[in-house]
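Right after this note come the structures.
Next come two complexes built around subunit A: one with subunit B, the other with subunit C.
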Partner chain A sequence: MGEFLLNNLSDFWTLTGFANASASGLIMILVGILFIYLAIRHGFEPMLLIPIGFGILIGNIPFDTNAGLEIGVYEEGSVLNILYQGVRQGWYPPLIFLGIGAMTDFSALISNPKLILVGAAAQFGIFGAYMVALLLGFEPNQAAGIAIIGGADGPTAIFLSSKLSPNLLGAIAVCAYSYMAMVPLIQPPIMRLLTTKKEKLIRMKPARAVSQTEKIIFPIIGLLLTCFVVPSALPLLGMLFLGNLLKESGATRRLADTAKGPLIDSITILLGMTVGASTQASEFISWSTIFIFFLGLVAFCIATMSGVLFVKFFNIFLSKDNKINPLIGNAGVSAVPMSARISQNVGLEYDPTNYLLMHAMGPNVAGVIGSAVAAGVLLGFLS
Partner chain B sequence: MQPFNEALSLMVVGMITVFFILFSIVLIGDILIRVSNKYLPEEAQESKAEKPHRTSNNTHAAIKAAISLATKGKGTVTSITKI
Partner chain C sequence: MNKRTIGIFFVLLLTICLKAEAQGVKSVRINEVMITNETNFLDDYGLHSAWIELYNSSFASVNVESCFLTNDKNNPRMYPIPKEDIQTEIPPRQHLLFWADGLPSRGTFHLSFKLDPTKENWIGLYDANGITLIDEVTIPAGTLLADQSYAREDDGSLNWVVKGQDNQHYVTPSSNNMTKDSNSKIESFKVHDGSGFLMAIMAMIIVFSCLLLLATSFKIIGKIAIWINKKNQIKSKGISNKNEQKETDLGNTPGEIYAAIGMALHEYQDNVHDIEDTVLTINKVKRNYSPWSSKIYTLTETPRKH
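Our next item is the complex of A and B:
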């Protein structure tokens, strides 16, 4: 009787997390707790970091993989694996883009279209980081997946890496979202460094009012132009512009409300949690991950610098009354609306009455389009 | 060297494509918007910030009286903005 009990207890013990724990798994659990702490205590993108952080905890609970429990994110047929297919097959990102489209007001861009070029310039971060990644020895497909982190667009990064470098997907997704949360720490020093006092004080003309007809035409033209040239960006841009048309048409308020509310919230929870769960220590802790985090930072810095420097260059050709404040150059990366808010905050440090937010929203939403186009170009060339 | 050259060409093609598409949106969008505003004219929406705040006559008179009293008739009210 005693031996029977002991054997059963021993068998049970082998199934517990305590018996299967590893140092690397515990490190990942601490990383997950750190993410949750940063999100709650310091307000770093809580909508993303809490699901991701909790997902890291879920993904790193140790268990006996030979016991046939079918609970791991990488185990075919498990619940987590089924939820993870949205990331793996790349169908969460377009749904997120539908919601983003329904939330985005393109007025700032329509009223001052030249700001769209700032959004284009910032995409240099993606291609610059692609070259650095190649120089560090990554394969072209992997380099492209890593470089897209520079677009500061989590869904686009997941979409592209799921197609080009699925083995690095977890690291790329966590890196992209981590740096998006750290935009307020990364961008301001670069913006201050690259602009003169005089440039920081530039006041931009107030944006003109935009009619409803213009707002309705914009997503249709936007879709046709972008996707005729780069069809590979269709899943992302198609959904982005559809979401925007739902919002602006005025005839589909319920659909727009669903897209920008319950739908995007549900997908964000699933995406964040499964991306977090995909960072199992055995897959995640490696030199590649460290390089990816380093390259992600490089990509972010290049993108910010490109946006700011492009505005300075562009100003050479603009009349005195139409100059652009280079502090909105950072908003060319597509972390909406975080990077536009940073333009506003840094601008206010130098002139408390100079409100740059609406001006920065132009390049910011252009960055969303630009990074999806850049992803389409990379996908077209490398898939 | 070969991969580096390919990367360089991808970068050039990629940036040109991004600029071309976004510039086309600017250009063609602007043309279509002009056409639509010409043939489908519609009153532009005023943003909330641009709407002048209407103050009732009584409130206006009370504020004017208070300013006049405080400045002993030297101050005048030119506009009232709600903050």
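Our next item is the complex of A and C:
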């Protein structure tokens, strides 16, 4: 009897986390705790970093992978694996985009359509990072998956990397969301560096009021024009514009409320948690992850620079009354509304009465469209 | 709209309709045919028979049940592919093999006709209506020797070749006609655009064009909206003088003015009048109880005894 007890307890010990712990797994657990700390203590994108951080803890609890317990995120049929399919098959990102569409007010962009081009210019961050990634030896499909981090759009990054470079998905997703949380640290120095005192003080013409009809037409025309050019962006842009139509039509308030409330919240929790859980140390800790984090930073910097520099270039062709403040150039990346808030804050540092927020929202939401189009282009070229 | 524009419109419409059809059973292709099978693939009875391979060129599963395979143009309904056999569903970009042994009693995939190596062989695949021809192939007499197949060069491609004559051109029943060990698009980019510069140029041109198109459209829509708004305001305010219209800058009111009006109304409603407990409203007010609607006041009281 005693032997029977000892054997079973000994077997049970082999299944515990203590028996299967590894140094790399513990490092990842510390990274997860760091994410949770940054989110709670310093308020860095808590809605993203808390589920991701906790997901990292879940994904790195050590267990015996040969025991057939069906608990790991990579074990087919496990609960975590089923939830992970939303990331792996790329259907969480379009649902997130549905919610973003239902939350976003495109009036700033409709009232001043030329700001859409700033959103296009900032996408150079993606292609600049693509070139650097190729230099570092990544394959074109992997380079594209990594470079999309420069769009500053987590769902788009997950969508594209799940199609083009699924083996790097975990690192790309964590990197994209980490840098999105760090946008307030990355962008301001670049913005200050690339603009003159005079440019920082430019006051932009107030945006005109946009009629409800224009707001309703926008998602319909937007979908048709962008997806006829880049059909591969259809899952993202289709859902984005559908969400926006639900909001603006005024006839589907309940659906819009669901899309921007319970639906996007549920998907955000699942997405964050499963992305975190997918960072199992055995899959995650590698040189390519370090390169991805480096390239993500490069992509963010290039995107910010290209947005600001494009506005400066664009101003050459604009009349004195229609000049654009280059401090909104950073908002061409699609970190909504954080980049726009940064434009506002940096603008207020130089002129406490110059409110740039609504002007920056134009390129910011254009960045969402631009990064989805860029993802569609890369998917079209390389899939 | 001139005739040319109408023509372009209908061509585009037709293209869209044709594309829409391409995702169903019409995307199935006759992909490879072997007429004389001496030492090649064995069927499920262990026999060497002629075979016909179908290929689903779409990215969705397609069920070919109720479609017809035939080698007689005058009898399109020669072999109806049986219903309710789950194996008749071809997964995306995959193949299905039929045995042309004239023994349909042996199962779903055994056809009711044989192929004749001495004559020209025509094979047709018809839709379930028995009228619409989905795909056809004609194998000229004497083209194939024993164990050779007549196949599309690549799965679903237009070019047909003879396979089985050497090790380079092997027969591929139930398999891809061309073995691919890499993504041709990626390989092409690696060869022609090692630095990624061309990709950056092309992609930025597309992104810019797409968003420029959007910007231009909304510039035009915005102008129309301002014009309509202006017309409406002129009508409602009764302004007839053109100079007065210009001075008032109708239809181009900045959003800030509306924001200021909105804020003023908010202040007025919520801050100035924040102590009253009554609110003037057009919403229906529902009360659960009111003495006016209470039953107790409408009942006759029971007389009390003193």
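Assume the second predicted complex is superposed on the first by the 382 of 383 C-alpha atoms of A that agree within 3 Å, B and C clash if a C-alpha of one lies under 4 Å from a C-alpha of the other, contacts with A are read in each partner's own complex, and residues count from 1 in each chain.
To be clear about the criterion, a contact is a pair of C-beta atoms (placed from the backbone, for glycine too) under 8 Å apart; a residue touches a chain by one contact, two chains touch by 3 or more.
In this text the structure is predicted, and so the values were computed from the model without any measurement.
S.K.: If subunit A is used to align the two complexes, do subunit B and subunit C fit next to each other or clash?
M.R.: clash
S.K.: Could you tell me if A:Gly332 is touching subunit B, subunit C, both of them or neither one (first, second, both, neither)?
M.R.: After superposition on chain A, A:Gly332 lies in contact with neither partner.
S.K.: Just to be sure I read the superposition right, which of the two partners does A:Phe127 touch: subunit B = first, subunit C = second, or both, or neither?
M.R.: both
S.K.: After the superposition on A, what does A:Asn141 contact: first (subunit B), second (subunit C), both or neither?
M.R.: second
S.K.: More residues of subunit A in touch with subunit C or with subunit B?
M.R.: C
S.K.: For A:Pro363, is the partner it touches subunit B (first), subunit C (second), both, or none of the two (neither)?
M.R.: A:Pro363: touches no partner chain.
S.K.: Report for A:Ser383: first if it touches subunit B alone, second if subunit C alone, otherwise both or neither.
M.R.: Touch partner of A:Ser383: subunit C, not subunit B.
S.K.: Looking at A:Lys114, would you say it contacts subunit B, subunit C, both, or neither? Reply first, second, both or neither.
M.R.: A:Lys114 sits against subunit B and subunit C alike.
S.K.: Does the superposition put A:Val230 against subunit B (first), subunit C (second), both, or neither?
M.R.: So A:Val230 meets both subunit B and subunit C here.
S.K.: A:Gly238 in the overlay: touching subunit B, subunit C, both, or neither? Say first, second, both or neither.
M.R.: neither
S.K.: Kindly classify A:Ala374 by the partners it touches after superposition: subunit B alone (first), subunit C alone (second), both, or neither?
M.R.: both
S.K.: If the two structures are placed on top of each other, which part of subunit C overlaps subunit B: 238-246, 256-264 or 274-282?
M.R.: 256-264
S.K.: Can you list the residues of subunit A that meet both subunit B and subunit C?
M.R.: Looking at subunit A, the two contact sets intersect at 110, 113-114, 116-117, 119-120, 123-124, 126-128, 130-131, 134-135, 140, 143, 208-211, 213-214, 217-218, 221-222, 225-226, 229-230, 366, 369-370, 373-374, 377-378, 381.
S.K.: List the residues on subunit A that touch subunit C in their complex, please.
M.R.: Per the touch definition, subunit A meets subunit C at residues 107, 109-111, 113-114, 116-117, 119-121, 123-124, 126-128, 130-131, 133-135, 139-141, 143, 205-211, 213-214, 217-218, 221-222, 225-226, 229-230, 358, 366, 369-370, 373-374, 377-378, 381-383.
S.K.: Flag every residue of subunit B that touches subunit A in the complex, lowest number first.
M.R.: Counting only subunit B, the residues touching subunit A are 3-4, 6-8, 10-11, 13-15, 17-26, 28-30, 32-33, 36-37, 40, 42-47, 50.
S.K.: Under the touch definition given earlier, write down the residues of subunit C that touch subunit A in their complex.
M.R.: 183, 185-186, 189-190, 193-197, 199-200, 202-204, 206-219, 221-222, 225-226, 229, 252-258
S.K.: Under the stated contact criterion, what part of subunit A meets subunit B in this complex?
M.R.: Residues 110, 113-114, 116-117, 119-120, 123-124, 126-128, 130-131, 134-135, 140, 143, 208-214, 217-218, 221-222, 225-226, 229-230, 366, 369-370, 373-374, 377-378, 381 of subunit A touch subunit B in their complex.
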